[in-house]
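Starting off with a structure, shown below.
To keep things simple, chains are lettered A, B, C and D as they appear, and every chain counts its residues starting from 1.
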Amino acid sequence: MSSWINENGPLLFLALLDGTVTAFVLALIALGLSLVFGVMRIVNIAHGEFFMLGAVFSWFAFDLTDDPLWGFLLALVLAPALVGGIAVFSDRFILRKIKYHPESTIVATIGLLYVIQSLTLIVFGPEARAVEAPLYFRIQFPWFGYSGYKLIVAGMSALGLLGVWLLMIRSKLGLYMRATQQDLEIAKTYGVPTKKIYAAVFALGGGLAALAGVLVVPIRQADHLMGLEPLLLSFIVVIIGGLGSIRGTIVAAFIIGISDGIISVFYEPTLAKMLATLFVAMVLVLKPSGLYGEEVA
Amino acid sequence: MRKKSLIYSLLFQGGILLLLFILQFILPTYHHSSVSKIMVLASYAVAYNFLLGYTGLMSLGHAMFFAAGMYAAGLGIYYLELSALGALLFGAAFTLVISLLFGLFALRTSGVSFLIVTLMFGQTFYLSILYFNEFTFGQDGFSLAKHLGKLVIFNKEYLYSNPDVRYNFALILLTAYLLISTLIMFSPVGRILIAIRENESRTQLLGYNVYYYKLFALVLSGTFSGIAGAMHALLFTYVGTTFAEIHHSISPILWTLLGGAGTVIGPLFGTGIMYYLVDIISGITSNYQLVVGAVLILMIIWFPMGIMGTLRQKWMKWLP
Amino acid sequence: MDEMAAVELLSTHGLTRQYGGLIAVNEVDFKLYPDRIHAIIGPNGAGKTTLVSLICGRTAPSSGRISFKGNDITGLSSAKRVQAGIVYTFQVTSVFSNLSCYENVALSVQRNLRAQQKGTSLLGKWSMVSEADIEQAVSKYLLEVGLEGVEAQIAGTLPYGHQKLLEVAMSLAAGPKLLILDEPTQGLAEAEIENLTQLIQEISKSVNVLLIEHNMEVVFNLADHVTVMDNGSILAEGTPTEIENNHAVQASYLGN
Amino acid sequence: MVKKDLEKVDQASELNLSRRNVLGAGALVAGAGIIGSQMIDPIAGIAHAAGSDAPIKIGFQAHRTGIGALYGRWYERTTNAAVKHINSIGGIAGRPVEIITEDDGTDPKRGADVVEKLATQHKVDFVFGTLFSHVVMGSAPRAGELKIPYFVVSEGYHVASGALNRYVFQPCITDVRAQISAVSGWMFNNLGKNVTIIYPDYAFGYNHRDYASAAAEKHGGKIVAKIAIPPTESSYTRYFVKIPKNTDVIYHVMVGPGVLTFVRELGEHFGPNHPQLFGFIDSLEGVNISSPGLDFLDGSHFWEAMPRYASAADSAGSRFYRNAVGVDNSGASKSDSKDVAAYSHMFGCWETLFAIKEAVEQSGYKSKKDYATLIETMEGFTGFNEGIAHPQGSKAFSGKTHQCYGQQFVSKVGNGKLNVVHKTSIADGMYEPETDYTKQSL
């Protein structure tokens, strides 16, 4: 046993460390998807592209200022705002037009995905572009080193999550959102401006994804195809957590993030991904409500 | 009343198929082969439409069925040295099993959950092709050119990739699919499927066990997609993961909706138009995806019923 | 009790349905005898609709049993119960509004015809019904409810009253042993109510009818037997006259 | 006489090279032909002009979109530069070259369609330029069925492995098996015997895994661990803990957008005292060596097919080529220093076009009916000599495998540059042919 610890202790520790960082970022992205589903009852396939846009914008900010810190701060403010704007636009001119019909929305957002992706390819180009971390240091553990910035990312994601939570329980917007989520019709009768709320929620969802993009881009880099993987992952998270349940989403993000870390350290990664996807499908089949959410069917 | 529309629609489809048959003698080489490809892909779309258009279930994992048929046929030929027909049957049988298993699980969900479950199963299948690459040749895929026997008609040998063989096999497949779906749509079963699409719970309360009918639709749709995949492998002699990727699940949605979900012939038009759109656009700009995306959005906003759907609503009431 | 059970068409035993804290139907022992129109009345939220939902299998009971023609049907799916002959017509019409009236009725007809064929036809379960037979039956039922000639019309475009009739036609076509009519007259004009009342009279000659109704006039015109429900349990039972003179009922429901 | 006119053509086409002018030049050549051969019968003259002096059309299957887009862009630039030069020296067999480009989205199914389109609609003489191996696998069968010569620039082993058909050639870029065999010998002998190999979990990676292991036996080295990473992966830290303590060298071949992350995280993981690093430049094609986070690579070694950074050692041909494709001395675009070239691959397009030129001119190819002779001619080639036509260096060519074998380079990263430290001989990469396409019927 102790020999096993000596052998695999570092692996386990790293898996946990890395998994936690992944989990925080994942939670941020998935939360966006979850809010949108919870309040608007739609699945946004283009969510991953919002994340990608966040990363891309923050490269432009970095390129513009040519200074990691200022570029980062600029992106931190601008990227979510811009992406939020794009979200509002697509809500107003696409989603509202199709009355948020679930299947139609999926088709429309697939279209949105293609449009955003190829426009990015035109403007930004095909290559992956690196962005320097705003502040960078390396932490040396007995067995290996680790990026300090990754820990900062985890921290800032945590702040983001906290922010959303406060928004939900403290602000009027949050109240309206919860009301709309409870029952659209009743919310309307109580004079909740549901159209505005929908726009706001879609913007918030996109903004969160973009924020995650900004935080992550110094760890990995920006490229126009980076959206698909986080999309699938946050699907997994949102489903396991229960569609529409914020608490579930965050819990699930940690389950997935950390287990993914551990599984792919101890098993073949491709196999791990395969089993994980299958597992999610089965969860949805056998417990459609997920951990916390309500039935979607 | 139904009899009349059945005859009309059979005549209408017959006309189009006849046109396709004649076209092969006038089309220039490139379009000749494009149309053969379109007919195979359209068959896939017709199969997909069976689920989306008539039963009202939207799947994001149909590439799994197409690829299952394609790989079963391809690997069957490669390892078991199956004949072309054998491969086709093997592909059909394999997809039948896959879609049955898949249906038993997936149909416990509905709506958005169903959509995501299908997506996830599709991804799993795709990843498993990559994972078992020693056996499936992974991402590169493989060519059947060297392993596929020859087709003998009146003791004359043809390659399956021979343009005329290809064109007419594709045409036969398409004809079969159109005929079968038309007949089903005019049968009591078709009536029930449409009822499920329109109002599932009411159908249940008319005494129908909705689950079994949905399972039937899914297995039929899946198996037909698989046969289309197997046929694609035979006629175009390449088997690869690109046919299992999510994009290949999205395509039939696009084709079906553009042509008109819930119309038998619609998917054919949808496929043809999209194919040539991409073909032409990619000649002009390198960003045909942009156009595809735009089409998707505009269509779902302005044209939710697709081409034939709109036509039916306006003029061709009898269209199945 | 036992010789009673023999003649009961439908009976429930300690039937209960809870929604969280709320008990919608509470330990109900409901008995329905053949060859008469049985009405259930009661204030809103008394549990009438829940009770019939339990009977036709739209909702599962929290506890208790249901038996129909002496067999326990508690475990049967709603579809199976329809096949057994318990047919429910919706309070709010839910015809297939995008389909033609013909299709609406045909859907119901074809199942029934096939069920009859099953025994005779060689193909058994897989036997197909000829469209001609269906067309014949459809027009028969449409005629029966007085909707002749609407076959080609899209159901959704019919006036509300006619949709209700179409609904009834669909139910009749399903070949009911027990027809449950949930608030049939709701939202209908006087004339239409008249017409519908007669229709129900007609139907009741061949089919057992269970009627849930607010309109007392209709109830007292039609019903041979009335069950009064309140807060999820049965308050009183008896002939219309008995009910009218029942003080408890007057107090809780009929007011004045 | 004719020659003189041809020189005129050179000047003409050198000035301006829009398609129309190329055709114009073609007509001029035609004219030259008529005068030159003292044709009397004008009809015949026209026929002659239309026949042999019409432009040679080469279809270019480009990865303009999809995962190959980065490489694709440079392949396209190189191709255009090569055509410009070829036309400026009188085209191919006196006929101007016309390139017709179609995007395949780096997708095998589209790839097959593109080959079809180029061959049957644009009626090109040849198809060339495909890079990604799964696209080649998807497209090659179609080329074989259409019986049109198909020249790929893919560095994949699938051509030499015999998996394709007689119409497919890879005349000017060494396949990955030969590359590995050539340079890994150097690695085992100079960097260390215990090697951990980290490779992407698909075909390209497996070639590295398998042939590096084979080379290990040959050179008394040892592969102590093989770590496969799924192509979709975006964070690598957790794989590094699997690297055994006794590793002397980490052999890495990561490709795709994740590469920078890979290197940065490798740095974070090991810190200053890390094993030797030996990588394949595929990882950093199109990436600036001095990008943020890459400083960790200092002192590590890379395989290069063609040195990205210019040096005094470069041959005249190499210098000419670098200038012609518009790349500066540090391997970036002259017009945009941020735009780094795929320098170890793109030369393949340039050289392949010249290989086609040689084959056409030697076989006396006139039209599609001469395919057989053209293919047999090329199968007769034994190699190419270093020069403007083949700036990467001399090559051996095997008619059996349709594959060429060239010299490889090992470069060391130092002060933000790649400096060549070793140049392999062609023989280092050679292996016994495993197939013989010449036995297939045409």
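FYI, a contact is a pair of C-beta atoms (placed from the backbone, for glycine too) under 8 Å apart; a residue touches a chain by one contact, two chains touch by 3 or more.
On a predicted model such as this, the values are computed, not experimentally measured, just so you know.
Chemist: Chain with the smallest distance from its CA centroid to the overall CA centroid?
Modeler: Nearest to the common C-alpha centre lies chain B.
Chemist: Farthest from chain D in C-alpha centre terms, which chain would that be?
Modeler: C
Chemist: Look at the interfaces A-B and A-D and say which one is made up of more C-beta pairs in contact.
Modeler: A-B
Chemist: Cα centroid separation between chain A and chain C, in whole Å?
Modeler: Computed from C-alpha means, the inter-chain centre distance equals 50 Å.
Chemist: Could you give the separation in Å between the centres of chain A and chain B, each centre being the mean of its C-alpha atoms?
Modeler: 33
Chemist: Just how far, in Å, is the C-alpha centre of chain D from the one of chain A?
Modeler: Spacing between the chain centres: roughly 39 Å.
Chemist: So what's the Cα centroid distance for chain C and chain D, whole Å?
Modeler: About 77 Å separates the centre of chain C from that of chain D.
Chemist: Counting only residues that touch at least two other chains, what does the list for chain D look like?
Modeler: In chain D, the residues touching two or more other chains are 65, 201, 230.
Chemist: Would you mind listing the residues of chain C that make contact with two or more other chains?
Modeler: Chain C, residues with two or more chain partners: not present.
Chemist: Two-or-more-chain contact residues of chain B, please, as numbers and ranges.
Modeler: Within chain B, residues 130, 287, 289 contact more than one other chain.
Chemist: Taking all chains into account, which pairs touch?
Modeler: A-B, A-D, B-C, B-D
Chemist: For chain B, which residues count as touching chain A in their complex?
Modeler: For chain B paired with chain A, touching residues are 58, 60, 105-106, 108-117, 119-121, 123-124, 127-128, 130-131, 246, 250, 253-254, 257, 287, 289-290, 292-297, 300-301, 304.
Chemist: Where on chain B is chain C touching in the complex?
Modeler: Touch list, chain B to chain C: 1-3, 187-188, 191-192, 194-195, 198-199, 201-210.
Chemist: Of all residues in chain B, which touch chain D in the complex?
Modeler: Listed in rising order, the residues of chain B that touch chain D are 28-31, 33-34, 37, 130, 133, 137-146, 159, 161, 236-238, 240-243, 279, 282-283, 286-289.
Chemist: List the residues on chain A that touch chain D in their complex, please.
Modeler: The touching residues are 10-11, 14-15, 18, 22, 68, 118, 121, 126-128, 130-133, 138, 140, 143-147, 219-221, 223, 225-226, 229, 261, 264-265, 268-270, 273.
Chemist: Touching chain A in the complex: which residues of chain D?
Modeler: Listed in rising order, the residues of chain D that touch chain A are 65, 67, 69-70, 72-73, 201, 228-230, 232-235, 237-242, 256-261, 264-265, 268-271, 286-287, 291-293.
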